[in-house]
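The following pair of complexes shares a single chain, subunit A, combined with subunit B in the former and subunit C in the latter.
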Partner chain A sequence: MESWRKVRDVVRKKIALFVFLGWVLLIVGDRVDELRVYQGAQIAMYTIALTSIVLLTGYSGQVSLGNGAMMAVGAYAAALTLNNLQTPIWFAFLMAILVSALFGALLGSAAARLAGPYLAGTTLALAVGLPAIANQFSFLGGEPGLIFDVGFPPERFGEEFTQYKWFFWIASCIALVAIFVTSNILQSRFGRTWRAIRGNSLAAELAGIHASRMKVLAFTMSSALAGLAGAVLAMNIGLVAPGAFTLALSFGLVTGAVLAGISSLPGVVLGGFILVVIPEIADVIANRLGDADKLNSYLPGLIVSVLLILSVIYTPNGPGENLRKHLRKKAAH
Partner chain B sequence: MIGKTRRKRTWFVAAVLASGSLFATALPAHAETGVTSSEIKLGITLPLTGAASPGYNKIGNAMNAYFKYVNDNGGVYGRKITLIQKNDEYSPQLSIAKTNELILKDKVFALVGPLGTANFTAVHKSVGIARRGVPSLFLNTGFSGFANKKAYPTSFTILPSYAMEAKIAAQFLKENFAGKKLGLVYQNDEFGIDALGAFKAAGVKFDVSVPYTSGTQGSATAQTWVSQLAAGGAQVVVFFGVTSATAALLGVAAAAKYAPQWVLGSVGSDPLILRALGVPVAVLNGALTLSGNPSPNDTSDEYVKQFQEINTKYNPGVAFDDYVLQGMNVGLMTVQALRAAGSNLTRKGLIRAMETKGSTFASVAYSPLGYSKTSNVGHTGYYMAVMDATGDRKPYGGSAVVYTTDSGSGPVVKSTFKRPAMPAKGLPTNS
Partner chain C sequence: MQKVIETLLIGLTTGSIYALMSLAIVLVWRSTRVVNFAQAGQAMLATYVGFEIASRSGVFWLAVLFAIVAGALVGAGVDYFFMRVLFKHANSGPAAVVAPVIATLGLLGLIRSFVGLTWGGEFKTIESPVSTDGYTVGSTTLPFSPLNTLIIVTVSIILIALAILFQRTNLGLALRASAYAPEIAKLAGIRTARTRTIGWAIAGGVGAVAGMLNTANNFLTPYSLDLLLVFGFIAAVVGGLESMVGAVVGALVLGIGLTIILNYVGTSLVFIGGFAVLILVLLIKPDGIMAKGKGRRA
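After this line comes the complex of A and B, so read on.
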């Protein structure tokens, strides 16, 4: 009884926290200019995508470089649903979640036997190959892609309420809900089971955990989240095209997750922020060095790659982990 | 425990006050975006790198060279023009991101010459060009869909549409190649399909039709195009695609000793770039191409001569070809448009100036400009040219016979239009 009360209190506190965060975002969204609001929507999108990586890699220990591909699946599912079935927007997002979950389940069952570099390689192949499939089938829109138009904000918000602000609201709302749900899942039996599998798969099996089933479940949920992120991306740029889901995206996501702490959920917001800030930094550097336009194509990818290598060498569990260790050492003295 | 509750309450109240104060501050008013007393900021998205960039990546610098020339000679009513180029690698998704940067971050006054059919379609919808009232002048694409003033109220084309081009080509094919087997290679998006539709409407039947997906052009894919064309026995091959695809096609065909009569669409047919991409000049000899401008080597043309001088001085080291000519011409038209909008420069004013005075602007192309209150269409005509053994382009039959038409079912007629003279020293003085 006592423990249930505790759980209920914790959940209530969490809900209050998320509601407060949502409110803060609302205020911030009103104050900053349109570019920042648009970038805020992008941060929200990356946050959802990074959540999927934290679940898959941070908790269940499966390294996947293919989250970009799952985002593509979700985005195309959403666009096809919206354009062909003329459903309300939320249904398109729901389809994104369901279809990518399905793909994730398929991928997971194929990948359950793989581990480490073999799994990474398989998912890498997926990341490279899947978006290119769009070029093969005309109903997927080819290189120019499919338009994904969620429409304008309701009239009652007034003239000043731009479409990008609307995207920011929707994206932030979805991100908050996604993180809330994922956080609950990770703190439940599922999360503990996944961490057990990550720690030692064999020991977990001996303890009665059905490792491969749980791994597939992790893939399914992670892909569902990635698909949702893909649909949010489609909303932000209004277009679903293979060019939006490059290998650079998958690498960027992994980098963001590692930097933010691969097994830490609160870090995903920081990770999303870093991913949006990197092109800005690249822009500043490129302008200093001159010939900005050409450099800008290569710099962000270069920065991401360098950051990934450095962080894997120095902070494999994310700088948050290093900071915590450092603080603990200090406290012990 | 009371302390904790008090602290919580204080935080809560502080948060409310902080957020309330944010609302209280009013946002400052601003003058027209992208215009100050000394500067006009313009933006362009185009492929500077990537598979489709050869040739087109020179356009931005050519425009810049012309703008620098004008800036050195007083600018536009004392304001200097700054052109911000953004590389979109011909990818529509990147075009959206870069145009967002131009409009929201760099806060440009107008877009000038954004390149690409699929690119601008995506940008217009996603960034909301019409909704924001951002003028987009002289779109570097011939897609006839943009001629719809209702759907694209702030945009103006400059190139004749692909539909117009196909209609004029169709007439030429019927008059000169009746009975021959026809082949077509085209880019498999709105760009190529625009032309295909017009050919169909004009009653031209292609014996071999080869679509290619944008971005996949290369010698490997070109092999498949050539085998299909050769297998179908095409004696005349029409091509509607980007320059890098033209180069792949011609190069592979030459190696395979397949030499039909080439009819190259205007977009991808600059001889200099084709040769730079490895097409032997012998292959180009005799190739037909539709063109709207004089050859960039024709120094007897006053526009070409003036632009070449500006290019030598302000764009040193860059060979003067079709793209540089096109870029400088867009620069010339832009300056005339900015001047026509008056010294009190606003976005609405610029659009109005284009509608009311745009049709009188001086431009290197031979056909008349169609800008009006009801039409955002620029040039409307082409003449057939033939490439010679030096890779230069000469009018077919000796002198340029310009035909004009529309993107719909209107007839193809011979044009009697005379171009306005090039402004003295290439510096417009219109108002």
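After this line comes the complex of A and C, so read on.
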């Protein structure tokens, strides 16, 4: 009983924290201009996608390069639901979660047998292959894709309330809920089990953990989150097309997760921020230096890759880890 | 019947290019236990060097030679300046398992942006040394051209050269020994670190040829070799990721299989077909089609 009360306390505090965060976002959303609001929606989208990677790679120790493909699954599921069944928006997002979870469970059953590089390569093949399917079947809309329109903001928010702010609200609301749920899962029995498997799967199995079943579960949950992120991305850009779910997106997500600390859940916000800000910075530099065309296309990639390489060599477990080590050293002195 | 033979021949051509990429991946995997996703980037950089030589001199084979040298140098450089540093630093914590994969991805991005900033994203072409028009038999023109013949012949020569290198020379023995049992090889007096760098150089050279041959009947852009990497990896896994013969057989099977899908099923399903092949092999024979019942060394 005692421990249950403790858990309830922690969860209550966490809910308070997330409500406060939501309120801060609400205030910030009112103070900045349209472009920033839109970027805020993108950050929220990346945050959800990175949460899925932290769960999968940071906790259960499986490397997936196919999160972009899972986002595509979610986005198409949402768009097909919304366009064909004229359902409310929330139902489209729910379908995105369900369909991509189902897909993830199927794929996860195959993936659970694979270790490290095999899994990475398999999901890489998925990231290349899956979006191209849209070109084969006409109900998926081919190269131009499907429209995904969540509609105008409700009228009671007033005339001032813009479309992008509506996107921002939906996206950050979903992101907050997603992170809240994930953080609870990661602190529960599941999170501990995943960490045990990541540390030493043989020892974990000897301790009575069904390792492959837990891995499939991690893959399923991670896919569900990725699918949700895909639906949010589709909302932000207004359509679902194979061109939106490139290999570059999958790589970018892994990069963001590593930069922010692969096993740190609060880091995902930093990661999302980095992914949105870097192209912006590159843009500024490119305009300074002239020859904007070439620089615009390749400078973001250069900055991201250099950051990725440096961080994987020097802070492989995220900047937070180094900071903690540093503080511990100081405390010991 | 004619379409069947055409499909086989085209499949053999694409398969033999995959075979080179797949060999490069297997060579690195055997020596370093890393799937080198940067292999496509290394090959691309080497192919751009080849493109410069080809557009200046107009001699295709000179360009191939330079591309091989460039590819080997880049490969050795990646191992010496990059992988060694990586293994020294990233060896603990939750990221240790994923660090090599992520690092080679970062390297792929780095090389891609370097190439993009240097040469731009425009389509480049390297002129094929022989005709790319299909042979004509009677009144019909086959899709199989002298270039396809040339590709198959070149790849065969490289494979024979590699076989001789690995089976008949001291260097080959050292390479095999340090891949099979690094500790024992070290005790036997082989400088395993240096041998590993040589292995990376050979892989780089082989990858460069794959890039050059792929570009001879195609375009070259900073992204044009990505698919080669994916299919090369699939072929390597189909072959078991350990065996060089397996890599070649896997690549030829994959090449022919994908051409069958392309000709008989649908163009957009080629990629997902490759994925299906990969999943099937991993589920049915996870040690690859050449496995003899021995467990996989992960």
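The criterion applied here is as follows: the second predicted complex is superposed on the first by the 332 of 333 C-alpha atoms of A that agree within 3 Å, B and C clash if a C-alpha of one lies under 4 Å from a C-alpha of the other, contacts with A are read in each partner's own complex, and residues count from 1 in each chain.
The definition used in the following text is that contacts are C-beta pairs under 8 Å (C-beta built on N, C-alpha and C of every residue); 3 or more make two chains touch, one makes a residue touch a chain.
Treat the numbers as computed from the prediction; the structure is a model and nothing was measured.
Partners subunit B and subunit C, once the complexes are superposed on subunit A, both fit on it without clashing.
When the shared chain is aligned, subunit B comes close enough to touch A:Leu35, but subunit C does not. Shared-chain residue A:Ile27: touches subunit B; no touch with subunit C.
Residue contacts after overlaying the shared chain place A:Asn83 against neither subunit B nor subunit C. In the superposed model, A:Pro144 makes contact with subunit B only, not with subunit C. By the touch criterion defined above, A:Ser183 lies against neither subunit B nor subunit C after alignment on the C-alpha atoms of chain A.
In the superposition on chain A, contact of A:Asn135 is made with both subunit B and subunit C. In the superposed pair of complexes, A:Ala125 makes contact with subunit C only, with no contact to subunit B. Residue contacts after overlaying the shared chain place A:Ala244 against subunit B, while subunit C stays out of touching range. Of the two partners, subunit B and subunit C, it is C that touches more residues of subunit A. Shared-chain residue A:Ser297: touches subunit B and subunit C both.
Taking the two complexes aligned on chain A, the least Cα distance separating subunit B from subunit C is 6 Å. Counting contacts as defined above, subunit A residues 135, 294, 297 meet subunit B in one complex and subunit C in the other. On the side of subunit A, the complex with subunit B involves touching residues 20, 23-24, 27, 30-31, 33-35, 38, 135, 142-145, 147, 149, 163, 237-239, 241, 243-244, 293-294, 296-297. Those residues of subunit C that touch subunit A in the shared complex are 29, 34-35, 37, 82, 85-86, 89-90, 93-99, 101-103, 105-110, 112-114, 116-117, 120-121, 222, 226-227, 230, 233-234, 237, 241, 266-275, 278-279, 282-283, 286, 298.
Subunit A makes touch with subunit C in their complex at residues 57-58, 61, 63, 65, 110, 113-118, 120-122, 124-126, 128-130, 132-136, 198, 247, 251, 254-255, 258, 262-263, 294-295, 297-299, 301-302, 304-306, 308-309, 312-314, 316-318, 321.
Chain contact summary for the complex, subunit B toward subunit A: residues 15, 19, 22-23, 48-49, 85-87, 89, 91-94, 96-97, 100, 104-105, 118, 121-122, 125-128, 131, 188-190, 213-216.
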